[in-house]
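Chain lettering (A, B, C and D) follows the sequence in which the chains are written, and residue indices restart at 1 in each chain.
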Amino acid sequence: MTTQTATQTPTSVSFLGLGAMGYPMAGHLVKAFDSVMVWNRKFDKANQHESEFGSKAVDFETAVSADVIFSCVPTSAQTAELIERAKPYLKKGSVWVDCTSGVPESAIAAANTLQELGSHFIDAPVSGQTIGAINGTLTVMVGGDKSALDFAYPAIDCFAGRIEHVGASGGGFAVKAINNTLFAVNSWALGEGLSVLKAHGVNPSAALACINHSSGQSFASSATFPDRIVNRSFPKTFTLDLMAKDCGIATDLQQQAKLPAPVMAAVASFMRAASNQVEAGSADFSEFIKFLENWSQVIISDEMTTPKN
Amino acid sequence: MTTQTATQTPTSVSFLGLGAMGYPMAGHLVKAFDSVMVWNRKFDKANQHESEFGSKAVDFETAVSADVIFSCVPTSAQTAELIERAKPYLKKGSVWVDCTSGVPESAIAAANTLQELGSHFIDAPVSGQTIGAINGTLTVMVGGDKSALDFAYPAIDCFAGRIEHVGASGGGFAVKAINNTLFAVNSWALGEGLSVLKAHGVNPSAALACINHSSGQSFASSATFPDRIVNRSFPKTFTLDLMAKDCGIATDLQQQAKLPAPVMAAVASFMRAASNQVEAGSADFSEFIKFLENWSQVIISDEMTTPKN
Amino acid sequence: MTTQTATQTPTSVSFLGLGAMGYPMAGHLVKAFDSVMVWNRKFDKANQHESEFGSKAVDFETAVSADVIFSCVPTSAQTAELIERAKPYLKKGSVWVDCTSGVPESAIAAANTLQELGSHFIDAPVSGQTIGAINGTLTVMVGGDKSALDFAYPAIDCFAGRIEHVGASGGGFAVKAINNTLFAVNSWALGEGLSVLKAHGVNPSAALACINHSSGQSFASSATFPDRIVNRSFPKTFTLDLMAKDCGIATDLQQQAKLPAPVMAAVASFMRAASNQVEAGSADFSEFIKFLENWSQVIISDEMTTPKN
Amino acid sequence: MTTQTATQTPTSVSFLGLGAMGYPMAGHLVKAFDSVMVWNRKFDKANQHESEFGSKAVDFETAVSADVIFSCVPTSAQTAELIERAKPYLKKGSVWVDCTSGVPESAIAAANTLQELGSHFIDAPVSGQTIGAINGTLTVMVGGDKSALDFAYPAIDCFAGRIEHVGASGGGFAVKAINNTLFAVNSWALGEGLSVLKAHGVNPSAALACINHSSGQSFASSATFPDRIVNRSFPKTFTLDLMAKDCGIATDLQQQAKLPAPVMAAVASFMRAASNQVEAGSADFSEFIKFLENWSQVIISDEMTTPKN
C-alpha cells in the first residue's frame, strides 16, 4: 500500500483505456499537466499515444499511483476489475474519474471501495462523440463528491466543453443512461412519424426540413436522420448493442425507483428486439431503423423503394 | 359567380381569421402588396388591424374575391364553412392558402371543390408560435399543387422564414400533425426520464444542462421544459386540448396507411387522458406534466417537493 | 320495388354467402323453416348446399325477397354491395341479418338505408369458430332495433347457443371487434410471458398448466397456445390479416370516442406489423407468435430450439 | 446444529405464517400427518389454529426442526429472515417449502443456503385465492429439486388441487409473477375495451356476456369484472400494491433475460401508477379500474353515470 498522499492540486494524471474516445481525451491532458501517464491493455496504443502527444506510456502500477486517474472502458464490470487490481497502488487523496458509460449501482460500490482506501471515485461519463473528444468539447456529467470533482476539475477541463455536477455517486451514469434512452425514444418516434408521412406521399427530407424548424425538432431529427439514415450511410460509431444496454440501465433505474415510465420501457424493448435481429455487435445504433422498416415495409429514404426484407 | 380572373402575379391579397397567429401574419402582407384586405368574424379585429397596419377591413364577399386568400381558423370544419360561403365570389385562378392546423382529408376535399370552380387550394400550416408570427419567421409546410404555391409564394413569403413544399394536398397538414405528435412524444419521454432522475437525486435543471448538450436534446428539452415546466410557469399559448387533437390526427393517418406506430399511439392516448383530467380547454399543452406527476408522485421542479394531488 | 310485406313471423329465410362459417350456419335453418333459400357468388356452393341440407339454391333476386335475409361475407364493403343490388327486391318488413365481422359505421349506414325502404338491418356477428357453426352453438352479438331482432330471432336461434342484444346499430360489430382485440392482447402478452419464462428455464407447457388454473387464464392460454402454438401446428382457420383488420376497427372506435387505450393500440400495431411480415393473407392468426419470436429469439415450444429466422 | 436426519418419508410437518392463506392451508395438513406444528409471529393465531384444527402450536425452534417446513409470508425478505433464524435448528434432509409469492433470485439464494446445511428449499407459490385454500384445491407451482418435491409431495398434496413442477429453483416464483402480470394485462385491456364499448352505447354486462363465450374470454372477464368491478363491490382480497410488486418482479425477469416485453412493461407501469394514486396499501387489485376511469371519464358499471373524480 502506497503511503504517498495527493497534494491539494493534482500534479500527476493518468489515463487508462485508450479507445476511440479515451485516446483523444488523454491527448488533451498534456495541455495542462507536465506528467501525463497513459496505460492500455494492448500496450502498443500507449506507446503510440506517447509518440503522438508527448504523454508517457507507463505500467499499470505506476499509472494508478497518479493524483488523478481517468478510466474509459466499455463496461462498469471492466472498471471494477481495474479498481480491484489498482487497490495496492493508489495514492491517498487521489481521485479516480470514470468516463465509462456505466451502471449507477457500480459507481456507488466503487465510491465506497475507494473511500475505504482514502481515495475518491467520481462517475463522469461524457457525451459529444468522437468529434467532441478530438476537439476537447465534451459534455461531462459528474456524480459523486463535490470536493473530489473540484480536485480533478483542472484535468477534466482539458477535454470538456461543459462539466456538470449532477448529484451523488451514480448520478452521472444515471443522466447518461437516461439521455441515451431519450435519444432512442426520439429516434424511434421519428421513424414512426416519417413512415406515416412517406406512406402519405411526403418524402423524409422534406418532412425533416419542416420538423427541424418546429417543435418536433430533436438531435435525432437534425443530426441522426439526415446524416445517417435518410442517406443510408449508417456510419459505425456507436453500436446498437450498447444503445440497448443503456436503455436497459434506464429500465433498471425506473424499477429501483418504482416509477412508471411506459414509453421509455416500450422503446427499450424495441431496441432490445432490434439488436437481437440485426448484427447488433457491429451495427451502428442508427440501423434500428431497419427493424422498424421491417414492421412497416416503408423505407426511410427519399427514394420510393420497397424494402429488401 | 365572378368572371374575373387572377393575373399571373397576385396583386390583391386577403386574410380571413385574425387570431393570435393570423393577426400578426396578415400585418406582414402590407410589406409587399398595396391591396391587403382583412376580414374577421368579430369585425372589430379587422378595423383594429386596418388602424395598426394600414390594411383594409372589408366584407366577406370582397375579401374572398382577392387573388390570394389566406385563412387561419381553429379547425378544418371552420375552413370548410368559409369556403362554402365564398364559392360564389371566388375569382378564377385565385389561390386559397389555408394556414389552419387542419385535417389532411379536408384539404383533399377543399382542393377538389376549388378546382371545380377554377381556383386552387393549398394547405399551408405554420410553426414558430406567436413570436414567429410577429417576427415573420414562420416555417410554412405546404401541401398541394406546386404552381398554385408558386403563385402565392410572394404573399406567403411575407411572414415566412422558410417555405417547404412537402407534397400533394393534405401533405402540409400531415407534416404539422406528425410534428406536433413528435413534440408530444419527446416531451412525454423527457417527463418520464426526469422523474426517474429526480427519484435518484438528480435535479431536473442539472439533467437538462447535460441533455441539451447531448444526443437526447430536443425542442422539448431546450425550450419547453426549462421555459414552462421546471419553473412551473405554464404560460397559456397552445392548449392541451389542441395537442390531443393533433395526436388524434396522427393516429388517423396511421390507421389510413395501415401502419404500426405504437409509441405515437401510446402518447396520443396519454395526451387524450391528460386532457380529460386537467382543464384541457384552457390548460397549456405543457400542463400534461401534471398528469404524469400524478402517476409518479414526482414533481418536475428543482425543489424537493411532494405533489399536491 | 316489391310490394310484398313480411308477415308477423318469418316464413321464408335466405342465406347469402356460403363460406366456412355461412355454409354450416345456413344448414341449421332447415330445422325450423320449410322455405330456406341459399345463394352464393360461386353458385356451385349453393347447389351443394341444397343437396346436403335440403335447402333451395335460388337466384339473387329471389333470395333477397325472403322475410329474413342472412349475409355472411368477408367485409362490410361486400355487404354494402349486396344491399345495393338487393334494394329493388326487398320485401317490406323484412329483416336483414348481417353475420359478417363488419364495421360499426357501415352497420349504421345500412340500417338507415334499409329503414328508408321499409326493411330492417341488424348487425349480428358471431363467435365460436367453424366448430360452433357446425354444432349450432355460436354466440351472436346483435346491434340494432330490438323488434327487428325479435322478428328474426327464431331464425338466428337455429345456429346460436346464445343470442345477446348489445345495443343500437353497430353495437354487435363493435363488441366483435373489441372481443377480437382482447383476444389479440391476451395472446400477445402470453407470448411475452412464456418467452420470459422459457428464458428462465420453464417450458411453456408447464407454465400453461399453472396459468390455466390461475388468474392469468384466458381463451388464449387454455385453447390457442396449447392447440396451435406450442405444438407448432398453426391450423389455418382465421387469418392474421383479418385479426389485424379487427384490431384496426377497435382503434377506429377508440378514435371516434376520443378515448385513451394504449394497450389495445400497441397490440393493434404489433398485429399490423406481424401481418406485414408473415404471409398474412394465408397465415393463421396464431402465427403472430413468429413475429414475436423474431424479436426475442425464443421459440414458444417445449423443445430447447433456436429460431430459424 | 441439530444432528437429526429426516426419514425417507416425512413424519413431522410445520407451518410458519398463518395469514389469510396460510391458516387454512395448514389446517389441511392434519388430514395426512399426526404431527402438525404451527407457528406464527403473533402467537395467538397459532393457539387458535391448534384449537380449530388439532394442530400443535410450538415455538420457532421446534417448528423448524420438522421434516417438512412450510412458510407463507408477504415477501421473500421475510422468508430470508426466517431461514436465517432457523439455520441452527434445521434437521438434515428436511425440505423447506416456501409458499410466499416471492422473488426468483431469492429462491436461488435460499436453495444454496439450505443445501450447504444439508437441507433443501423449494419455491412453491400457490394460486386459487382464499377459497382455494379453504377447499384445499390450490394450484401449486414448484421450482427446485425434483427429489425434494417428491419428499414434500404428500404434505403439499393436502391443500393442492394440482401440483406442477415447473423447473429449477426460482421457477415457481417466476411462473407466479408472470401469471399475475398476465392477469394484470388481461384486466387492463378489458377495462380499455369496455370503456370504448360503453362510449358507443354498449353496457359492460352485455359485452361481457358475449366476450365470455368468445375468444376474448379470460379469468378477468369471467370472474374479476362481473364479481368485483361492474357491480362496484371491490372486495379486499389481494391488494393493488402487491399486484404492482408482482408486475415489477416480471419486469426484473425480463431485464435479466434481456428480452423485449413491451405490453407487460406498459401494464406494469400503469399498475405502479395506479397504486401510487389510489390507497394502494388497502385497495383491492380490482380498484386499478378507478385509475383507468380517471383517464377515460367512463365508469365501468351498467349505469350511465359520470365519474366522481
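Quick note on the criterion: a contact is a pair of C-beta atoms (placed from the backbone, for glycine too) under 8 Å apart; a residue touches a chain by one contact, two chains touch by 3 or more.
Since this is a predicted model, take the numbers as computed values, not measurements.
Novice: When the contacting C-beta pairs are counted for A-B and for A-C, which pair yields the higher total?
Specialist: A-B is joined by more C-beta pairs in contact.
Novice: For B-C, which listed pair, B-D, C-D or A-D, repeats its interface with over half of the contact pairs the same?
Specialist: The pair repeating the interface of B-C is A-D.
Novice: Quick one: subunit A and subunit D, Cα centre-to-centre, how many Å?
Specialist: Centres of subunit A and subunit D (C-alpha means) sit 42 Å apart.
Novice: How far is the middle of subunit A from the middle of subunit C, if each middle is the mean of its Cα atoms, in Å?
Specialist: Centre-to-centre distance between subunit A and subunit C: 52 Å.
Novice: Starting from the mean Cα coordinates of subunit A and subunit B, work out the distance between those two points in Å.
Specialist: Each chain reduced to its C-alpha mean, subunit A and subunit B end up 37 Å apart.
Novice: Hunt down the residues of subunit B that sit against at least two other chains at once, touch-wise.
Specialist: Answer for subunit B, listing residues that touch two or more other chains: 259-262, 266, 272-273, 276, 295-296.
Novice: Quick one: in the complex, what on subunit A touches subunit D?
Specialist: Contact set of subunit A toward subunit D: 244, 248, 251-252, 255, 258-262, 265-266, 268-270, 272-273, 276.
Novice: Would you mind writing out the residues of subunit A in touch with subunit C in their complex?
Specialist: 262, 266, 272-273, 276-277, 294-297
Novice: Going by the contact rule at the top, pick out the subunit C residues touching subunit D in the complex.
Specialist: So the residues of subunit C in touch with subunit D come to 104, 127-129, 139, 141, 143, 161-162, 164-168, 170-171, 174-176, 178-183, 185-186, 188-190, 192-197, 199-203, 206-207, 209-211, 213-221, 224, 250, 253-254, 256-257, 259-264, 266-267, 295-296, 298.
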